Every structure is written in structure tokens, then in C-alpha cells.
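If you scroll down you'll find the structure; I have some questions about it.
In order of appearance the chains are A, B and C, and numbering begins at 1 in each one.
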């Protein structure tokens, strides 16, 4: 972007002030673009969520607005904007108003350094991943503000839970990211993606068993940071009514929701970049990809597919699992995730020392880990097939075979109750 | 500790859970005194759904009160019908035809499965898993269809009548029930895969809110809640009524699989096991269904001789009792319902100390109280 | 060592049980949904799917009613308002037969008490209305003579629900949406 600004200012022979203005305009444009992209993704995820929830619960889900109900999120958004924005009389007004923006700010700013493609990144910071980890923690400020400013005990409990949770889960997430950073030798998101390859065994997730575990650790911790089931304690519908956003309505409530859903995409995108090879196209080197628009688009599509697959997993988890309790949540973090993350860090460091990159041992380790992943997938597929076989591919409600019944006999009911009356008098039944 | 800190330590956070709260099934209210997330005390408050159903009995004839019993507990209407009918039959000294008794067993066991679907579903939902609730509602929907075909309504059945039952069944309906039972058993296995064996659920329910056997008896818990505490007591077997002595079934008892006997997880497993036993009972009852009348000779105007009777049955939530006093007129002189939900709620305060808010929600769900039945 | 083993076992149990739960929910993506898309995407209207005994809104066939008031006496909540008057020339007349469907609890006691089957449950259930007074359905327009208990030949039974539909505003007055195949979401 900087080079573009310099090129244009040279061409239009702008002075230093003009150059600054042009740069500011360019930054605003990019920011607006990132914001719109994030909003759109967040909106589409609400549709994905409702559709997946519907289908996993043998329902249909929204299917009226647009094809497959795809435009439902626009209708919902319009509804939220039009609804009254109620602010409780006893709430702390300014803080209450500000809270959703703090939430959105933390998430949407992070989109700036997500590498959607080799050239599709707003700012490839040399501390990219650190920036992402830091800026997403802003969400907790918003949630805590909302919980406090609502002046509602349920909200306060939700806010406090959220603070404890997000701060704790930063640790395993950061440690799991370190495993990747060790392998890539850089904090820049693009460098991390470039250090991987297009084929699954060149991804960081399958580089060695420790990385595989680190992937799951990162994913779990990121889901927890995003306040998603099974870690949705700050909202915990059945316990805290709606947690920190109990008192919110209208577009402010929508702000929290957009933040949460954008966060889902964000965590999926980060996991894709760190562990799943990002925009790398199999069999094409980054240098080759940089030279072709079509390969660029293909890279973007690959990134898109991987990130949305992870979004699906996050949504799918929510509609499967129960919620943890507060102490169990902390126990999971400090007793399981953090020790495991340290173990992975140690294991990866030792492997980095022992295994020469590109050697047969390295390739064997990669292929073996990929095989492990494939084995897990196969086991999963077998369980799915087992469940379908066991309970049938059509869990039918139609026990009465009602659709097949013939024409209705209007005189029947009269007959029926007449018979009851006779039976009551002790006469012939039927 | 400094005096200020001690003061802070004594401070209580008073939370009103309900009457409108996602975890209070129906209109219940709990006043929680907590220290942060840890409960000091949770006091249930009842009475939001009082409809005077006991007083209403005094204003209606014996036969006309039967539809009111449907409304005492909308999840086990069939049992309420049956209690009332059995009490009046005992006052009248009426013999119920055997076919009617079998039909009562079939209808009641179907109702028990439907009730446990809701009970398990709400436990799962209150610990945060929404999908099992939807699956179980789907299964219950099929039972609603079957019972609608049998008695004409989906919830307020008005099926068991004084002296027998209202409608007969045909071969087609029995076949549909059999088909449904064949379908239900794999679904129960699937439920275990989905949530029953899930480590998170196990940790959320196992060892939480343990009710020991003496407490359970002392607080008057009944049914699955009592059996989960390890007390082997089932009216169908121990105070036999209807045709239950002719049918073979087991009484599942809590064994403390994932913690201690009497914890929330035992209340979950006992209910699942009871559903399986109900399936077994239904299969036997359908097989042995005798021919004959479905209704005894009942006088047009029911006037039981003066007297009083206490009639319990093993409802889906355990002992559902009716104390009925007749003064020889066509209307009862007094009716008193003994509801299991009321007893279940009364133990909450005793157990609440030291629980977390999330545990309290799990405890309430696992006790399976129904607000209308508490207040009547 | 035992502590470590149980620590690892807990991890294994969690992973396996969560995986199995995920397999169940995933398998439902591959199965057909059970939703009936009431009201506008039904293969057949719900009312035709109801079982025969279904107790819907009450209706009275005055061609069968003898004015005996057995239903009125049987009703536990007095939702039936039945007035029979003696007219000097025309004898007994049914002057009023109103049923308050807002009060009715659909127990069926009146239909069981009726000696001629004049009062019966239709299968209609879509009685939602913006005005609670619309739920009081009058079945007598002008005072009329009651029917005889035994009519020869018995009058032809009227189609179930037809009497109610004629006397009460309801969804049956509105044009039905065009029938769409069940589960029509995949069709568009």
C-alpha cells in the first residue's frame, strides 16, 4: 500500500501535505473495506449458525428469505437497527453505550492483519500474531464494561466470568501460537504462511504430533476466548439469563453479536493461517503464485474454504456440547491446556534441534502425523455411519403414517361417543 | 483478617432467580444468597401458579373433575387421571375390566416415556446442551401423536375414566406403538453417545448435589429422585396396583456410576433406565392385552358412600397421591393432592449451601419439578 | 504414576466422548429433517392429518339437537349457554345455543352426554382471533323447534367442521397459500 501511495503521489506530483492526505484517504478506504468485510462475514455466520443448528437438530432452519434463507442475516440486521435501543434508567449511561463498540473494536481491528491471500492483507505487521493476540483481548474490556454498566446482577456475574475466562485462555492460546512461531521463525502472519506448503503434510498442523496437539489447544483456547459453547459462561442462558448483554437491545445488542460472530471468523482465519497452510496452493511456490492473478484467486479460495470449514466446526461444537462450570473452566485451562501447551513447546523445540528440515525423518514425521489425522477422520466417519445405521437415515415422526390415511369419515365421531355413552350404561360396547 | 475484609466476606449477593428465568421450569422463584458464584442459601418461593384445583374439586361432580386432573401436571396427565379414577373406584368398590387396566398401563407408560423425554431434555438444556432437548422433544412428539390418536388430545388426555378408559384401541394402533418402541431404543443409545456419556455432562452432573438415602426419605422425595439416592422403592412393585404384578420389570436404582450415589448424574441415569423399562412394560402389555370391555358398569350419577381414601400411584415423578373424602353427595367433600414436585423443591434449600449457581441450575433440572404441580 | 495415568485417561475420555457426540450431530446433517413446515408448505393441510378422535373446536348440528341440555349439565366449566323457552303456539323452542370456545377446555364430556350426537368436536383448531368476543359462537339464529330424538330417516351427517366454519370467522375464510411440497426448502 505504501508503494502505491508513493507511486500515485509521484505521478500526480503531490507535495508532502498532499501525500499525507492521500495516505490518510487510502487508510480510511482500506479500513472501511475491512470493516465491511468483517461485518458481512459476521452476518453470514449468523445464517450459517442458524442453518447448521437447524440441520443438526433435525430441523430445517431459516429458509424463507432468499435462496436457502441466505438473506436472513440482512433481515435480522434490519430488524436490529429498527428496534428500540433501551437503556435502563439505573445504568451507567456513557459506559453502557460505549461497551458494544469496545467489543467490536477489538475484533474488527484484528481483521487488519489477517492474510486472506498472498497479497490480500491490509497490513502485514512484523509482529502480526502478537498484534492479533493483543488486540482481541480488547473484547474483554467491552464485556466487562457492559457487565458493570448494566447495573444488573446477572450482567455483572457474566462480565466477571468473562474477564476471568478470556484472560486465562490467553495463556494456552499464546503458548500454542509459540509452537508455530518456533517453526516459522517469524511473528509476521505472511512469513508464517510462507513457511508452510500447500499439501496437508506441509502444513504446520501435521508437521509433528506436538503441532497437532498444539492446533487443538489453540482452537480450544480460541473458542473459549470467543465465549462460544462449551465455554459460553459469560452468556450462559440457563444460568445468567443472557449474561453481560441481558440489558442490551436493538443495535447495541447487535454490536455484541456482530463482534462475537466476527470473532468466530477471526479465530478460524488465524488458525487457518497458523496451522492449515493459509493461502498456499498445493504444488505452487509462493513466488509462482505472486506472478499469476488466477493463482492468487485460487489461493484466496483455498483460504476461504479452510477458514469457513473451521467456522462450521465452531458452530457445530456449540450445538453439540454442554457448558462447563466456572471452576471446571479454570481447571481445564490451568490443569490441562497450559501444561499440555508447555509440553508441546518443549517437544517441538527438541524436534527442531533433532530433525533436519527436508530430511527423510522430517518427511516421515510429517506423513506419519498426517496419517494420524486421517485415522481420526476415518474413525469419525465410522461413528457417523454407525449412528445413521443404528437409528435410520430418516428419523421419522410420522409414526401414525398420517399422510397415508384415506378420506375422513365425518360420522365417525358421532358413532364413537355414542358408543361411549352406551358403554357407560352397561350396554353392548362396540 | 482486617475488620473491613471480614465485613466484605460477610456481604451477600442476593439474586432473584425467577419467576421469569430460563432455568426455573415454569413460574418458580428462587431467592439466592450467594458469595460470588458460591451459594450460601437458595430459597424456593412457590405460589405463582396456584389455580385452586383442590378447591375446584369440591364444586364439581366426580366425573366432571377428571378433565381438571389433566391440568394438575401437564406432563403426566395420564397418571393424574388414573389417581382420581382409582380413588373414586375404591370409594365405589368398582371392579375395572382387565382390558381397561391394560390400556391404562399402556397409556401411562407412554406418558412416562414422554415425561422423561422432557426431564432429560431439560437437564441437558440447563447444563448448556440444547440439541438433546430438541431430539427428545421430537421423540415426545411421536408419543403425543400416538396418544392423540388414542384419546383425542395431545396433552390433556382425559383418557382414564372412572371405571375404565374412554376409548378402545385397534390392532393398527398397537402396531404403531410397537414400531415406535423399536425406533426409540436406538435413539436412547444415540442419546448416550451425544450427551449421556459426554465427559462435560458427566463432570457437570457427577458428584453434584448429592442427596443421601436418609435425606431423600426424610424430605419425602419420591420416584426417580428417591431411587437415584439408592432407595429401592417403586409403588408399581412394592404396593402393587392395576396389572403391574402380572408384568415383569426391573426398578432401576442409582449406583453412583460417576461420583456418589444420589448425585445429579444418578438422577439422569435412573430416568434413562426407566424409559427402557417402560419400553419393556409396553411390549408386554401390548402382547397380553386381553379382550373384553373397557368400561365397568358405572352409575350415571356417581355418589360414593361416605368415606375417605388415600390412593397413590407411581407417576412419572414418583408417588402421586390423592386423599379423597366423600360425604355421600355427588361432589367430593375434600380432595388433597400429594405432588412429588412440591417435595422435590423443598429439599433445594437444604442442599443449596456451597453449590455454585450452575450447580443449582443442574440440581433443579435433575429434580424435575413442574411449577403447576407444585402449586396446583 | 497412577495420577498421571488417570490424568491422561481423563483427556482420552474427553476427546472420545466429544468426538462421538460430534458424530451424532454430524450424522443429522446427512439425514432428512422432521420439520413439517406448517402452515404454508404442507403436502396436505394439518387438519387432514389429525387422527379421528382429535378434539377440536365444538360445533352443534341443530338438526339433531333435542334441546335436552345434557351437554350444558355435563360441562364442567359452563361454556355452553343453552336456552329453551316455551312458546304459546310453537311449543318448546331453542332460543339460544352459544358455545364460548375461549372457555372450553376440550374435554369432550358434552359430546359424550349428547344423546343424538348433535354436539361434536370438529377438527378445527385454528381459532386464533384478535377479539375474544369472536370466540363465543352462536349456533341458533332465530328460535327454532328442537329435533326429535328419533328421526326417520336420520338426517345425513354434515361434514365435520362445516357448521363451525359457517358461523365463525377464521383462517378458512382466507385464501389458502398455494400448496408446496413438504420439506420444500430444497426445492426453493
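As a working rule, a contact is a pair of C-beta atoms (placed from the backbone, for glycine too) under 8 Å apart; a residue touches a chain by one contact, two chains touch by 3 or more.
Every value quoted in this text rests on a predicted model; they were computed, and no experiment measured them.
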Remark   = Maximum distance between Cα centroids and chain B occurs for chain A
Message = Suppose every chain is reduced to the average of its Cα atoms; which one is closest to the average of all protein Cα atoms?
response = B
Remark   = Expressed in whole Å, how far the mean CA point of chain B lies from that of chain C is 26
Task = Measure off the straight-line distance from the CA centroid of chain A to the CA centroid of chain B, and report it in whole Å.
result = 40
Task = State, to the nearest whole Å, the distance from the C-alpha centre of chain A to the C-alpha centre of chain C.
result = 44
Message = Could you pull out the residues of chain C that touch at least 2 other chains?
response = 18, 20-21, 23-25, 34, 50-53, 108, 121
Message = Counting only residues that touch at least two other chains, what does the list for chain B look like?
response = 131, 138, 145, 149, 166-167, 190, 193-195, 198, 200
Query = Which positions in chain A touch two or more other chains at once?
reply = 56-59, 319-321, 383, 387, 392, 395-397, 400, 402, 416, 420, 424
Ask   = Residues of chain B touching chain C in their complex?
value = 60, 63-68, 70-71, 131, 138, 145, 148-153, 156, 158, 166-167, 190, 193-195, 197-200, 202
Residues of chain A touching chain B in the complex = 53, 56-59, 153-154, 157, 160-161, 229-230, 232, 236-241, 319-328, 383, 387, 390-392, 395-397, 399-402, 416, 420, 423-426, 429-430
Note = Given the complex, residues on chain C that touch chain A span 11, 18-37, 43-44, 48-53, 108, 111-115, 117, 120-121, 123, 157-160, 183, 185, 188
Inquiry  = Under the stated contact criterion, what part of chain C meets chain B in this complex?
reply    = 10, 13-14, 17-18, 20-21, 23-25, 34, 50-55, 74-76, 105-109, 121
Note = chain A residues touching chain C in their complex are 52, 54-60, 63, 67-69, 316-317, 319-321, 336, 376, 379-380, 383-388, 392-397, 400, 402-403, 405, 408-418, 420-421, 424
